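Next come two complexes built around chain A: one with chain B, the other with chain C.
This part shows the complex of A and B:
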């Protein structure tokens, strides 16, 4: 809340990416008689909105924070604090993005509901509890995934290229510019079974299949959380052993 | 004028040499960015496969669009990435040192920094435009068109960078505002050009000139349209003129924060 500029930036980004994209898709769907790949526009619009709303949480920025700590040497100071370094970074990241996320999501949802309406898939009783579960899972998985990228800074001189690749994999398989409904079959499978797609399962919640597949998708998410959490902890342990404190 | 340009070239040369010193990092940035950019091609090619041809745009045109956008982005960000650092310069008062320099202020700021990853964008852009040329079987006239349009797209990009980042002088938390505005300009330039029709096409051509970066140049080359070339040329000149005016007006708002430093 102390940084109103961040809210302005997120609003601009949401309008630039999501708003423009929704208008373009509206035109494309109109040309195709309102339905593409058996999916109506209203579903695609909400799916893409969920992706961009989730991105305003800025969980991916944890990579850069860890990378900066390592490159600046600040990590030595933070390791000596009586708190877990990764825990501190995770909570700091959640705190910094929560306010813009809540404001952008609430306002965006109201605007979208008024403009395109609410699909019937979002009015089913199971929607709200499962969307909450998958949102929590997506947040944890994103934080772990991007923490791994950040921790690579202990071994690699330049982490940015790795960050870009992971970020773009999340962007493609998460259903950002191309909604998951329009994915070719092999890409849909990749989105379903890779951690990159699993970190954005919130975009799947508005589709018809969600009601029959939600437990499978949440199961996949939990699997990746466990696998990547173990990887993170191992990497973090090794990273701590690599740190050498140089006084001065 | 030539003296200023010679200085700009010298500053750029030094920036490149400095970046190239960290060879592994430099190469990783270049290769990483080139791979990173392919994501947009994958996305929009699948889009074309799913929804069919929209506004006469084929998958090849997407390659051309990404080529124009990446190459103009790469040229501006490798030669004039200092403009993007204006919010930091202003906030930290590092801008003082540019004001004290006897060189042209805008040129001095622009060439104050270099982005290694932008070289990756350039490499990617060149590859895309070459592939695009093969895909649409370009003739000599179209090759000339591509070269001219590339220059014009770069001018538009540079002009918009100057105009957007001049906002740094008006806001306290300007980093967020300028990045938001930049996003608003850049993101639509990477979208499928055929989907911009009617009011959207007007807005993103005349008010926010995102389509001048890639979509209009691609259509101009594909249709061999002199009208579209003329439109891009006229708007590029207008935007460059306007952006320099905006910058010169904006710097009057600058106040040094009296930090005990002249920047790093």
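This part shows the complex of A and C:
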């Protein structure tokens, strides 16, 4: 509640970015008779909305927080507290993004339901529990993935290029610019089996295949969570031993 | 007396790759030359409960490295640290409940939130019940006079207010030891005095052990009852602060004010040298091993037409500078 400006900015950004893309896709689908690659516009619209709504959680910003802590030396202040540094940063990120996420998602969902309607895939009984599961998985995976990027600051002076590459991979394979339903087969496989795509599986939940594939996708998410969690913990252990900020 | 801190043969070495101009970029990339710096070199000392320690030394002496090893941020290369019975390398989190830290050049407060939220946040972090947090915040507000700005976002506080708030935040959980790394850096004289008075108060009222690094002689003189001087990673002096001033007691300073203006600055006799000289003022340093003060004054009065004269011991800043310089020339 301390950041009303940020809430307005996030809602505006969601409307601007997602809205412009939805208008463009609406026109493209209209030119093609309402269906592209066997997928109707309403599905694509909700898939893209899920991507942008998820992005208002700003879990990716954990990279920048860790980078700034390391570069400014502030990491040593947090190392002095009786909490795990990574745990602190993760909960901080969730806490600061949750409110704008809830507000933007609720308002956006109502607006989208009124404008394009609700696809039948979202009315099936399995939708709500699985979307919840995959949302939790996507949040954990995003936090871990971006934490790894942030932790690189302990070894690399300038982490921004790595952040940029990972972030763009997540955006593209997550289906922000082009919904995954419209991907060519090899790109779709990449979106399915890479951690970048897996961190955005919420965008898959509105597709027809979801009802037969959800357990596979959640399995992929769990696999990446485990692999990257181990990597993060190893990196963090090494990083703690590497701290030498401003020691004189 | 109960020991709060026991440091035994503590050393810390840092290694880092350096680019060699004579090697190619492939060698520099994959097999660079490794340079080693000994930041702390086999130091040992202990601190009793309730002591106020000034841990001082020139830049790069090893002060901050030692403090960071005490808090568990840095791992020692060798030796051991025991704080309140804990080994910081193994029990960092448990130790964190018992100590408070203030880094003068870093902030632990949350910049966009009101100060009261930061204090509450840290209280929760230290697992304090909400009633206790509330009580402690009101205690600290009164003690540190935070009332006028406690509801302001931290980023809007002046440096003096922020430092008071930083110390208050580090005391939220009533730590047994507070480690301060240059807490008065950048503060004006009024804010410095206020902060020193507060630290003395918490030392007296709550028995908090104070371990402080500073380049400010005022901090050392007015706050600390013991001074440990470190240079090049080794402890070169460890003595009561009041004895520190006596270290160079063989040097006396004589200030001379001219009747009109000083014109000639003739060479001084053996045992005396100019510390500063200009037309309006001369300061002479006398080595009393070589010449007595009485003799020195006599000679100076013969040499200069003087209206006023003042004799005094070296101030603490000069003493500390001498200690640093003497140690540097010994290296």
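FYI, the second predicted complex is superposed on the first by the 244 of 248 C-alpha atoms of A that agree within 3 Å, B and C clash if a C-alpha of one lies under 4 Å from a C-alpha of the other, contacts with A are read in each partner's own complex, and residues count from 1 in each chain.
Criterion: a contact is a pair of C-beta atoms (placed from the backbone, for glycine too) under 8 Å apart; a residue touches a chain by one contact, two chains touch by 3 or more.
Note that this is a predicted model, so its numbers are computed, not measured.
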Where does A:81 make contact in the superposed view: on chain B (first), on chain C (second), on both, or on neither?
second
Residue contacts with chain A in the superposition, chain B compared against chain C
B
Would you check which partner chain A:37 touches, where first means chain B only, second means chain C only, and both and neither mean what they say?
first
For A:11, decide between first (touching chain B), second (touching chain C), both and neither.
first
Where chain B and chain C land on the same part of chain A: residues 3
If you look only at chain A, which of its residues touch chain C in the complex?
2-3, 72-74, 76-83, 241, 243-244, 246-248
Once bound in the complex, which stretches of chain B touch chain A?
22, 24-25, 28-29, 31-33, 35-36, 39-40, 42-44, 46-47, 49-52, 54, 117, 171-177, 179-181, 183-185, 187-188, 191-192, 195-197, 200, 204
What residues on chain A touch chain B, complex-wise?
3-6, 8-13, 15-17, 20-21, 23-25, 27-28, 31-32, 36-37, 157-158, 160-162, 164-165, 167-169, 171-172, 176-178, 182-184, 187
Within their complex, state which residues of chain C touch chain A.
12, 14, 39, 59-65, 68, 71-75, 92-94, 96-97, 99, 101, 103, 105-108, 112-113, 117, 122, 125-127
